[in-house]
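Below are two complexes that have subunit A in common, paired first with subunit B and then with subunit C.
Right, the complex of A and B next:
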């Protein structure tokens, strides 16, 4: 190997015997899809966010401190005592039959009349995303997704080498006209759209909710263009002002595959989610799930099932909603009071997140080290785009910190934004980051 | 083998390099356990000092990177508590972690550093950025390397090849600290020389030659195994190898360092070594440079760490 042809005669030793080492003996064996799995400064900075000195508005951890641990403990003890041998054994690949019935009851809240046979229990809805992507996507297939979209979904889509085409959102979520245009554009280019991935309720990360009339319009557009819809609904029960909005799946049981989860309404540690899919798709999902995990954990499923039977889970969800509402109010109030002019943010009516867009010229990713130095953390917007856009925006999460910590976090963030504005002003427009997407379209309800 | 007693590996902290520090700490702690040392690990947090009251270690191996770990602060704290520790005294850490200050001392010792400008953020605000940036390019030319005056792991560091990219590089740098060091970029072979002193005076380990796949040894190239190829020992002539080892030892001595250090440099096409940075708490992760040199020297990382702890203990005796 001759890295330095101009200089090798003078300074390098032709007799050198050392051979190169990349410190990864498997580097030439990895699949192409693993190439994006690398170290990043942003991930490293999040390590600091775990320290109590830092107000982390970055994570999306459900706040389960209000769960009645004594009740859960008793339920688990009873489960082990009475059905331990079953709970600790392999189970069905499709999931526990009783739990699937209970899931159908829960989905009725969103207007869905599903059959337990069409439900597949998964290891969190993240596995549901993986399975759906695995059975539908070949490398290069197009997935339509909101701009911005859930980072975990984008990561899954990337690992299956899908081509994600983002669709603009506004204050009311996905814009139907932009969806029409994207479908037309992709179709004209000769590529195949496999599905639309959408989070209609209390969107992660945008915090917006699709109104009923848009749901109808989006269903019509997808019916006309023959596009499947993956409806991801982990937050539907966590609305602050209304009951669970009517799901897309409630009005189309052939075109919509619905994903649900107990992570936000009960606890994420059990890792129980599900899909509701047309029968033929469900068959493939079960086969794919079996090849992946054989079966979802029986213990977790039976624990969730026991909780649904033995506890007022609807009352618990109501308590969660009140807690998150208080935190949402704290964040919006602090943003209203403290953020400098030119900053905009969404006003969520449920869920966990506010999407904030910085004044023109600022770059949330470049600003993150300054924020961490000032002991506040957020997720830069670029994480929620598959195409590098979103650098002017960030996701702020209000689900976990107390209202007091949220106010303190926003106070620190406002200072950071002001410092960054001052710095950018000193360097002028030429200091604007070269990263794309500083002005990416995104919802903005402020 | 000296009985070291209970050893504390201190890792984590609140700097931007916390993640790297945690990985360094884990690796050294494991290596020490492998050679039979009684080790416990903990973060540098608000309960650290009270821990010293209840579970006082015999000796400390600080592996905090970045500010707090390398700027002399933690060393000062350990000195105040009377705990022996591996590494350099506080004043030496302070002058080494501050790259502009270290450059001045290294230059006076006859070592080469690239032509550079050191400018705080406030100067750009007060005097206007445009004429200052023009002056930098006129004086130093292109390409340039922009980096925070204090910091490591290449965080906030950019290579600027076009003048129009300089403002955004400065802004990204100032996100990590208030002062920027703008250096003329030296083209050549990237080398790291680790120096250890286990009681017989500073000794340079086999040099590591760094060939980053992307051409830039940035954060991604440093901590993603497979993206950088390392040659140990570096493929330099024996004369140059001796010269860079001497340079690293001179840097170690000039800055008043102790126990271990790592000097990063570029050897240009004329065979001149240019010093880039000297580290008082070199990384110890799976992809870090000092452990590669240690392995090439035929030394076990656990053995080296144990010996350095022994030296630290003997200083306190």
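Right, the complex of A and C next:
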């Protein structure tokens, strides 16, 4: 592709003095926040992991093949037929009123009694993260987040120049004592904590869930220290053993901003998520949303709304849960059977992910090319840390491949780990590690 | 609505000491940028202007009643049936590859030869504005914009704490000499100009269009001064006399970032817009988009793509043009017939808007309540200025009401203007003006 054949109009020759095939003539023009925007490690994997011979345990795409396409098709035809002029027009910046009522009904499953006027519909849960960060974060403000944390949230926090302080987790999620210590330490250093970002249910990427007593304790800690909580809950309805756990927001309607999504319970292609926030915050969120996209797509919202009314969506969620449970079982069984000693992993009770930690001295990022050569892919743990930790760990997704493919993927992965261990035993650390062994602080199960 | 009955958990009692019914307990927590986020004057009008007895010349909603709903319905059924799993799944952050090719084909109408790899699909053109501002603007950076300018752009610029410097227009749009002077003056003051934001075709709100020779001159000025150009072109295909004017981007593929939209040529409810940007900038835009919404809705994009393939969309645009031309004619005829002397207005050759300037001494914002009482609504000119100007002007939209309603609306508006003039003649300026007569610098036609 010969895009810029005419150099006579090339911007600022001075800026074009750097080397490399692809000069960025605009480099001296970008905003400071742009320096933190880099392609994520998850993204650079996509091209490799999508080759058919590779078993990808990397992606987080929900498996929506069980959706009844004929039902969806006729619901959409009905929507265009009966309310097409509204569905294809500009809508409210806050989102469709009927959908906001339906969202409140859904949140009752998590014990939340919210008012539709406090709900803002967003372009997926990612936009909710963006808007919350936009209204609260000045450069240098501190966000507390689990270690590890959701890669998309970290990317948003970075783009607003937030300073992320990670907090250790164990098999039961965020450790309250570590939260106390982190608040104390940040406060002592004179910095401002703007909020705690947490995924209490079936954590991405850690695969752990906060038990009820810890939720109470974490709420109390944040109340005492006057810290807001962003509760991100895309997987709450996808538990394998229990119904949706009680949300933090169910017990505090002033301190907790709750984020939800239809991406995992229906389909991500409509990009419909939401926030439930105290009224004053909700007003700011809507202003930020309007300045960001004017309004979320009316068509998407009304399609979701129509689906919720016209289909047994709870039955469909139940079917999703069964499917994901079977895949989770396949992954855990294969890990139990095949992984060499010294490897540890979490045992998720819902959601999409297992967090695996390699034997001491191994580096998941350095190992990835060898894994891909052996036709299996994962996301290295470093993607889920803002501070360079996580090199000994990886995220394994069981949401998308079939149980057979999952077993085969874990078999290939176990081979690679064993080879790495042999290499390391024979040649020492330099053979397997790119860096001097920064271990993830948590969750390292033994 | 008794939302917060339990005050025991109310955040920071100290912050709750301010008066007012609606305390914002979070006021000391917001980011600095949030202070610039206020409800626009357009928005506060919506509830009033939507009453059926009011002729609203305020809104900018396209009239999509001419769309063939049966065709759209069957195209969507086909989409779900044949490519439902892709349309309802996560997609690329840059946008659907086929749609990006179709966008390049459409842009050829404006003389643009772009490559699909340089296109980023956005959640409406508003998100394109947000992303461009996000990657270029640090607080205090200067954006040059026409006087008046698009209210949604100004809101986005404000949310990134940009400093907007307005440039005078006349009946032929942006005045090149004023642009030269503004660049000189900003540069002399030691501030950094990040870009010129311009709407060359059928300007919102001014209703004017840049002639070809001015486009060349403006490009040359920006090339000499090394200023980037954001060319916002939602209305280019909606000209009444000519086909799409040649874009600035057609003559400079390195300095101009072009923004397009399907909201006016198809339907806004899918929220599909785009940017065409130099490759290095496009890479940053995609990273910013991913951190903002992960990816634009796949369903929306594929719906638009399907419509472009499966329907005579150019014929539909032609029908839209005829409809809007008839409404433009109705408005101009009514203005010519009914408006009192001393009132001036632009004569748009495309798009949705007439910019009307009241006789000297009248204040469009102060007059609005009296206009609404007389059952007609408009947007006061101040909404389209970042600096408090525009009080003598207003934006009149002819896109949505029928020609009959437009004539009736202008009749009612003319009555109100006449009454204001009589009041002013009898009691002086204080009777009609809220402020000491800040007149809009342009476009004030005589």
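The working rule: the second predicted complex is superposed on the first by the 400 of 446 C-alpha atoms of A that agree within 3 Å, B and C clash if a C-alpha of one lies under 4 Å from a C-alpha of the other, contacts with A are read in each partner's own complex, and residues count from 1 in each chain.
Rule of thumb we're sticking to: a residue touches a chain if its C-beta (ideal position, glycine included) is under 8 Å from a C-beta of that chain, and two chains touch if they have at least 3 such contacts.
On a predicted model such as this, the values are computed, not experimentally measured, just so you know.
In the superposition on chain A, A:296 makes contact with subunit C only, while subunit B stays out of contact range.
Look at A:29: by the touch rule set out above, it reaches subunit C but stays clear of subunit B. With both structures placed on the common chain, the touch criterion links A:39 to subunit B and to subunit C.
In the superposed three-chain model, the partner touching more residues of subunit A is C, compared with the other of subunit B and subunit C. Applying the stated contact rule after C-alpha superposition, one finds that A:189 touches neither subunit B nor subunit C. After overlaying the two complexes on the shared chain, residue contacts for A:159 are found with subunit C alone; subunit B is out of touch.
Legend: residue contacts after superposition of the two complexes on their common chain; A:370 is shown touching subunit B, with no touch to subunit C. By the touch criterion defined above, A:85 reaches subunit C but does not reach subunit B. Taken together, the two complexes place residues 3-4, 10-12, 22-24, 26-27, 30, 38-40, 43 of subunit A in contact with subunit B and also with subunit C.
By the touch criterion stated above, subunit C contacts subunit A in their complex at residues 1, 3-4, 9-12, 22-27, 29-34, 37-40, 43, 61-62, 64-65, 67, 69-70, 72-74, 76-77, 80-81, 84-91, 93, 115, 117-118, 123-124, 126-127, 130, 134-138, 141, 152, 155-156, 158-160, 194, 223, 226, 228, 252-255, 263, 267-271, 278-281, 284, 287-288, 290-300, 303. Residues of subunit A touching subunit B in their complex: 3-4, 6-7, 10-13, 16, 18-24, 26-27, 30, 38-41, 43-45, 47-48, 51, 53-54, 366-370, 372-373, 420, 422-424, 426-428, 430-434.
The touching residues of subunit B, when paired with subunit A in their complex, are 12, 14-20, 22, 43, 45, 121, 124-125, 128-130, 153, 155-156, 164-165, 167-168, 170-172, 174-176, 188-189, 209, 211, 219-220, 222-238, 240-241, 267, 269-271, 286-287, 292, 296.
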